[in-house]
Structure formats: C-alpha cells, structure tokens
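Next, two complexes with subunit A in common: one pairs it with subunit B, the other with subunit C.
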Partner chain A sequence: MVRALLAVIFFAGALAALAWLPTQFGAYGVGLLLGMTGYVTLASAWALFSGPTRYVSLATVAFFGIGAYTVAVLSETLPYPLILLVAAAVGLCVALVVGLATLRLAGVYFVIFTFGLAELIRQLVTWYEVNITGTLGRYIFLPISGEQIYWQLLALAAVTIGLGWWIGRSRIGLALKVIGDDEVVAAHVGINIARVKLALFAVSATIITLVGAIQAPRWTYVEPSIVFNPTISFLTLIMALLGGANRLWGPLLGAVPLFLLFEWLSANFPNHYSIILGLLFIAIVFVMPQGVLAMVERGWSRVGQRGRKAEPAGTEAAQ
Partner chain B sequence: MTALIEITGLRKQFGGLTAVDDVSFVVAEGEIVALLGPNGSGKTTVLNMISGALAPTSGAIRLAGEEIAGLGPHRIAHKGVARTFQLVRILPSLTVGENVMAALAFRHPPVWGGAAEARVETLLEEIGLGGRGAERADNLTYIDQKRMELARALAAEPRLLLLDEWLSGLNPTELQVGIELILSLRRSGMTVLLVEHIMEAVRALCSRAVVMNAGRTIADGPTEAVLADADVIRAYLGEDHA
Partner chain C sequence: MPTTAIVSGLVLGGTYALIAMGLTLQYGISRIMNLAYGETIIFFAFAAFLLYSAFGINPIAGLVLLLPLAFAFGYLVYGVMMQPLVRRSARSGNLEVDSILATFGLLFVIQGVMLVFFGSNYTSYNYLNVGVNVLGATIAANRLLAFGLAVLIGGVLYLALTRTRWGTTIRAVAVAPQSAPLVGIDVNRTARFAFALGTMLAASGGVMISMYQTFTVSMGVIFTMKALVVVIMGGLGNLLGALVAGLLLGLVETFVATYIDPGLTLAATYLIFLSVLLWRPAGLFGKATR
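Moving on to the complex of A and B:
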C-alpha cells in the first residue's frame, strides 16, 4: 500500500516536472520536447497492441494521418475539443473495420496489409483533394501554442502508459498472456481471441489517431505526403522494438534516444538519413529482436549467475 | 437419466481421409463414458469436434438439447464443456496459479481478484499441487503438468469434462490417485467422456464404453459386455494395436 502510494507520488512529481520543462526552453527546445513526446506516445500505443500479440503493424501512419487530416478539415467549423473527439471516433471506426478484416491474417501478410492500408488511405485522400476539393493542401490556423501541444501529448503519453500498466493487471492482460502462450488453450478456457485482439488494436489505433490530431496545428500547412509519410510507421516500430515492445517502459526507453539521434542525423546528414534509418532498422530487428531491456536483463542475470557460481562451489555437489 | 450430450451422424473429413464416419452416441447426465479404439481410430477428432477445436464436416452435437456443432471453442467452453489434451498443453511462461486462474477469469460468469486466488489455491490443493501456485508451469514434472491441466479444466466447473488419455504416462501409484480423483468427480455429479488405453482404469471408472475403429463406432454398451465383444477384440489385436 505504502509502496503504491509512493509510486503514485513519484509519477505525479515526474509528470509535473516534465510539464514545467517548456518554461526553461526556447521555441526549438519546445519543438524537440513535443516531437519526442509524440513518438513516446506513438511507440507506447503501438506496443500496446503489437507487443503482446506479435502482430507487426505498419498502419501507424494511416491512423496518425487520419487524425491530422480530420483536424485540417474541421479546424474552422468545430470547437477544438470537439474536433479531437471526432478524430478519435473516426480513428476508432476505421480501426474496427480494418481489424475485423485483417486480424485473421497472420505474420507477414498482416505486415504487408497494414503497409498497404497506409498507402491506400494516402492515395484516397490525395485523389479526393485533387478531384473533389480542387486543392492538394490545407491550412490549419488554430491558436494553439507549442507548449499547449506538448502538454496534451504529455497527458496522452501518461494515459497510454497508465493504460499499459492497468492492462497488465487486468483480465485482458491475463488473456493476452494466455493467447501469447497457446491460442488453443486460450480459446478452450473461454477467451474470445478475436475480440481481445480487436479491442486492443482499436485502443492502440485511437491513441495513434489522437497523436496525429494533437500534432496537426503545429504544421500550419498539411498535405497527404506530409501526414501520411511512411517513415513515421517505421520510426515508431523500431523505437518500440529497440526498447522492448513487451515492457511497460520499453517503448519510452527506445523512443527518447532514437528520436534525438534522428533529429541529429537529419540536421547533419540530410542526404543519407534514409539509408542510416534503414541500416538501423535492420540492426535492431536482427541483433535485438526482444529489445534492449530484455538484453540488459539477460546480461544482468548472467553476471548474477557467475557471481553465485563463484561463491559456494561445494554446496551444489552436496545436494 | 437425461442425455447431456447427444451425437448424431458425426463426420469429419481431412481432405480425402474420413477420420470420423457417421458416429452417433449419447452420454447421460452424471455418467462416465469411455471412448475406446486403436490409435488413429478418430477418438481425439471426436473430442475436438465436441470442444469446438474442429468443426464437423456434418452431423449434430447437442449439449442439453442445444446444438453446438461448429461453434467456436470459447463459446462451447462458456456452455459448460472443458477438456484436457492428449499432448498436455500448459501455458509455459505463466505460473501454475495463473494457468488455473486463466480458466476462472474467462468462464461465464468470471471469477477474478481475491475470490479467484482463493479458488485457485483450493483447486491446486484438491489436485495435489497445494502451495505450488507461484512456480513456473514449465518447471513442473510431466505428472504435475497433467495435474495442473486437470485443475484448469475443473476450474471452469464444467457440466461435461473431456479427458484425452489423461491417465496415460502415470506410474501405478499415480494411476490409483488419478482414478480416485476421477471417481470423486463422478460423486460430485460431473459428466465425463474419457479416451483411455488403460483398461484397468476404464473398468474401474466407466459404466459404459463406446468403441471406434477406423472412424466408425463398432460397439456401444456396458463396459464389461463391450470389452468382451468379438469385434472389439479383433480391432484391438489387429495391426492397429497400440
């Protein structure tokens, strides 16, 4: 009980400190914080679904872009909180339809489908804007400052990680562990596997949609190639994988250093950025498929074992 | 006695192979019935169709009068059918307690939280794994894994329990304990359909036996009479004999 209370106080304090940070930075620093928090949220939301189910989704940018575009379309007709609500609802509906259609696909088919989905939505939006609206881009004039965007993203990140924590302790968390171990057993103890996966996909996609919606006012001008840029999907994926998609803090620990690295790379090597991104992607998937956290833990337990073995050499033989 | 499970004209085809061919039998409420037959005769496939792991090619399966053939396993589980598997299926990364908890948390209505933890402990006690809920399931010995799997099936408080060679692989002492356990289930009023090769256990437990050979039922009746049947003896002593 005391420990739980201390944990709550600690996280409330940390969150307050993070919320206070923008007052110490200039516009550039706020932009950096904002982008980083955006990716922490994206990676955490991605891992919410893809971590336990091991379905690798490349649809991140499809939902991110839907969120941003909803804001662009509605920015002059609805009050801001209502726009966010509509964006979340649109993301949720698309997620439910896509989930129903694709969650029976396994492995690489799911990866390809989700990648295709993002491209399809981008093409659809482009076609609509060019042929029906008559212009490709849209302007977003919302009186929302960088700090305000950062605070919203910070709140969303906290909610996402809190949700991950709660799921780990709930029935749905147990269902995910059982499904991860053996789907046949899962179904035979009464778990509706399809529904659990769909629910998780929908929650994850809705959060991702909100990230896109919240970040949209930052751009002022949006067009499909900006908000549906597939790099966003790949970045999210390797951030979550680097930290470890099956751990509560894994995506955050992957997102922070990688975001800073990519910022630095794109500033200093703008021409080689994509190549470096690709190489890093391959390295992470092949070298540390379980993530850095798992690797550190394994390293730790190995060090621990060596320590233990070195001490009482005689006891084991005696048993 | 009223029929709990009523199977009529059940068939399952795997491509060109007819694994189960026009099988019909009834299990009454409170009965323990043996499903016998040489290896490959289709017993596991019948259990798979009852539990929903496989959809029948044709035929009917009625549970207390309600058609369940072709429903998904989670829906059939919610209607009161639980099972163990021929090749024991544990949840290796979970603890022993969580393995049992899984069945409590997703039955209808679910048991969760403190009540579930208490129930898990009682079930483990009953099955001979008392106080071992915190161990990892994949550290258990084979017999203890089988125990845990049965505890998981019992946690669902099923109306119908399907056991697929649950007693095989046990040493003589463990076998006696296992038989006692199943007898105590019968006393509690549970209905059991079990596939078994150990005739000693079948004689001790089952009032009735259904025998399959090459997908078809070749005998159905009181255990002693069925085991003395000429067709049954031929089927068991033929090339398929396991």
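Moving on to the complex of A and C:
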C-alpha cells in the first residue's frame, strides 16, 4: 500500500516536472519536447495492442492522419474540445471496421490490410478534396500555443501508459497474454479472442487518432501527403520495437533516444535519411527482436546465474 | 466502350497476374511475406528506364539483361537477410512477423536508395507508343507487348512448375515443408530459389510497367498491395488462382476508372479485398482450412 502510494507520488512529481519543462526552453526546445511526447504516446499506444498480441499494425499513420485531418476540416465550425471528440469517434469507427474485417482471421491478413490502409485513406481524402470541395490543402488557425499542445500530449501519454499498466493487471491483460502465447489455448479456456483483440485495437487506434488531432494545430497548413506520411508508421514501429513492445516502459525507452537520433539525422543527412532508418530497423529486428529491456533482463539473469555458479558449493549447502 | 475497357482491363490484369505470381512464390514457398516487393518492382522499372534513356537499350533487351540481375539480387537478399531469420524461427516460430518487419525495413532502404539516385519526380519514357486495333478497341502497342510478355513468362513458369521434376520439388515444399526433407528435398535451397524466382518476376513486372505507365519512387506500396490482394483472392501459394484473380483485378480497375472515377481505383481494389476477406478468406479458389 505504501509502495503504491509512493509510486503514485513519484509519477505525479515526474509529470509535474515534465509539465514545467517548457518554461525553461525556447520555441525550438518546446517543439522538440512536443514531438518527443507525441512519439512516446504513439509508440505506447501501438504497443498497447501489438505488443501482447504480436499483430504488427502498420496503420499508425492512417489513424494519425484521420485525427489531423478531422481537425483541419472542423477547425472553423466547432469548438476545440468537441473537435477532439469527433476525431476520436471517427478513429474509433474506422478501427472497428478494420478490426471486424481482419482480426478474426490469421494475423497476416491484418498486417497486409493495415499496410495499405494509410495509402487508401490518403487517396480517398485526396479524391474527395479534389472532386467535392475543389481544394487540396487546408489551413488550421487555432489559437493554441506549442506549450498547450505539449501539455495535452503529456496528459495523453500519461493516460496511455496508465492504461497499459491497468491492462497489464486486469483480466483482459491476462487474456491478451494467453492469446499472444497460443491462440488455440486461449480459445479453449473460453476467451473470446476476436472481441478482446478488437477492443484493444480500437483503444489503441483511438489514442493514435487523438495524437494526430492534438498535433494538427502545429502545422497550420495540412495536406493529405503531409499528414499521411508513411514514415510516421515506420518510426512508431521501430521505437516500440527497440524499447520492447511487451514492456510497459519499453516504448518510452525506445522513443526518446530514437526521436533525438532522427531529429539529428534529418537535420544532417536529409537525403540518406530513409536508408539509414531502414538499416537501423533491420538491425533492431535482427539483434534484439524483443527489445532493449528484454535483452537487459536476459543479460542480468545470465550474470546472476554465472555468479551463483561461481560461488563455492558450501554456500549453497548452508542455504 | 465496353470492348475497350475489357481489352485494356485484361492487358492491365496480365501485369498484375505476373507480379502476383512472384509474390505467391515468395510467400507460398519461402514463407517470406515480402513488404518490399513493390519497391523491387519500381526499382527495376527505374533500371529499365535508365537503360533505355541513357544507353538506348530497348526494354525487351533490357529485360534479358535485368532478369539474371534480379535473380541474383533475390538470391542474395534471401541468403543475407532471410536465412538467419528462418534459422531463428526454428526455435521461436515467428518467421512471419520477423520477415514482415525485416522486409519493412528493406522497403525503406530500397526507397531511400532510389530517392538518392532518381529523385521523387514522376518518370516515364516513350517506347512503342502507337495505337493498335484489337477487336475494335485501340490499345497502345507497348501495353499489348507487355501483355504478350506476361503471358509468355507466366506460361513458361506454369509449365515449368507443373511439368518438370524441379517444379514438382517446389510445389512439394509449398504443400508440406515438414515432409519435403523426407523425400530428399533441400527445403532451404528450394526456398532460396523460389525467393529469387519471385524477385525475377517482380523485375519483369517492373520492366513492363515502365513501358506503359508513369511511375515514382513512392509508388511501391500500391503495387505490393495490389499483388497481395491478388494473391489472397487467388489463394495463398496458388499460381492459377493468382492468374485468374490478377486478370479480374485488372478488369475491375479499368471499369472503375472508365465508368466511375480514375481516382477511386485503389478504393475498388480495397473493396474487393474486404469482400474476399469477409466472404472467402481462403481465396476464391482455395479450400477452407477451418
């Protein structure tokens, strides 16, 4: 009980410190913090579903873009909080359609479907804009400062990680672990596989949509090719994998260093950016498919075992 | 004109069937879900463009030059990237996820290399761009040539797979990878060979596409998607299914582009994909496994 209380106090303190940070930096620092928090949220939300189920979702940017575009379309007609709600609702509906169609089948169908989803939605939005409204780009003039966006994202990140923590301890989390290990066993112990997967996919997709919606005012000018940029899906995936998609803090741990690295790369090697990214990603898949955290844990346990073996037999007998 | 739409749809479908055959070889036999497949297609489209515009080599001669190169490329990629994953999956059993992730990385590498060399502009060249009258419909000669090539390559492949001992080996691995070693088949070698063969088909598809269509570096995803839709429609690993489904997709796309709106072809592809998934997840010609 005391430990839980201490943990809560610690996280509240850390959050407060993070929320206070932007007052110490200039506009560039705030932008950096904002982008980083955005990716922490994206990676955590991605891992919420894909971590335990091992269903690789490549549709991050589809939902991200839906969020951003909803804000762009509605920014002049609705009050801001209502826009966020509408964006979340749209994201949820799309997630339910995609999930209902693909999650009952083998995982590979889901991956394939999500792989092309962003491209499909981008083309549909482009078609709609060109043929129905007659314009391609849209402007967003919302009186929201960088700090305010950062605070919103920070809150969303906290909620996402909190949700991950809660799911890990709840019945649905247990069900997910069983599904991830063996779907046949899961079905036999009476878990409704499709429903659990669908629920989690919907939650994860809604959070991703909200990240896109919250970040939209940063751009002022929005166009399908900007908000449906596949690199966003790719970055999210690589961050979550580096940290370890199965760990609560894994995505955060992967997102922070990689975001800084990508910022540096895109500033210094703009032309070779995606080659370096791709190679880095392949390296991660090869060297640590379970993520840094799992590797560190395994390393620790190996060190521990070696230490125990090295101890003289007498100590073991004494125990 | 319905005849025009039907003829040009079939011609387009020929290319789709060909590239889908390559993907179905890679997934059905090597068990690699290759997300960089479309990038390979575009890469060879650019190679054909380069050969034609810089050295004056026409695409047919280019095809002869590029196919061995594509085979070597596929052979190398499988040996360097996929084999370690296959070996690892013997323990962990998640080759599918690992191969998807690794080829997703490869997608960005190939795309990045192409961006450095060719830039992000739309590219095309003029080759045999004259109208030919087919059954009352006018079709560009380059499209017709592409269709002829697709029929030729697909036909040779089909005969090789069904009539030769070597083709039987490949089909044996597709049907029962666990039992194939019992009759003396080297599964690993066959898988590597099939992967390289699939890359070769992607390359021939790329050269054909470059003959009659404008293309950009970022278009690979669309071709991967179309090939995947055809493969799933025809049933995973089913060559004849891929052929019929490819022609069908070409027809549907052309009809949508002619009678509804050219901007909605991808949406039509997706709609087909969704309905196949909901209605017959094992493919139009596949047997239900559940």
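Please note the rule applied: the second predicted complex is superposed on the first by the 308 of 319 C-alpha atoms of A that agree within 3 Å, B and C clash if a C-alpha of one lies under 4 Å from a C-alpha of the other, contacts with A are read in each partner's own complex, and residues count from 1 in each chain.
We take it that a residue touches a chain if its C-beta (ideal position, glycine included) is under 8 Å from a C-beta of that chain, and two chains touch if they have at least 3 such contacts.
Being a predicted model, the structure only gives us computed values, none of them experimental.
Undergrad: Check subunit A with both subunit B and subunit C modelled on it and let me know: fit or clash.
TA: Verdict on subunit A: subunit B and subunit C fit.
Undergrad: Could you tell me the angle at the CA centre of subunit A between the CA centres of subunit B and subunit C, given to the nearest 10 degrees?
TA: 80
Undergrad: Which partner, once the models are overlaid, touches more of subunit A's residues, subunit C or subunit B?
TA: More residues of subunit A are touched by C.
Undergrad: When the two structures are overlaid on chain A, which partner does A:R298 contact: first (subunit B), second (subunit C), both, or neither?
TA: neither
Undergrad: In the superposition described above, what is the shortest C-alpha distance between subunit B and subunit C in Å? Please give a whole number.
TA: So the smallest C-alpha gap separating subunit B from subunit C comes to 8 Å.
Undergrad: Please name which positions on subunit A make contact with subunit C in the complex.
TA: 54, 56, 58, 101-102, 105, 107-109, 111-113, 115-116, 119-120, 123-124, 126-127, 130-131, 230, 234, 237, 241, 271-282, 285-286, 289
Undergrad: For a test of understanding, state which residues of subunit C touch subunit A in their complex under the given definition.
TA: It comes out as residues 33, 35, 81, 84-85, 92, 94, 96-98, 100-102, 104-113, 115-116, 221-222, 224-225, 228, 232, 261, 263-264, 266-267, 270, 273-274, 277-278, 281.
Undergrad: In the complex of these two chains, what residues of subunit A are touching subunit B?
TA: Touch list, subunit A to subunit B: 171, 174-175, 177-178, 180-182, 184-193.
Undergrad: Quick check on the complex: what are the subunit B residues that touch subunit A?
TA: Within the complex, subunit B contacts subunit A at residues 51-53, 72-74, 77-78, 82-83, 85, 89-94, 98, 101-103, 105-108, 110, 112, 152, 156.
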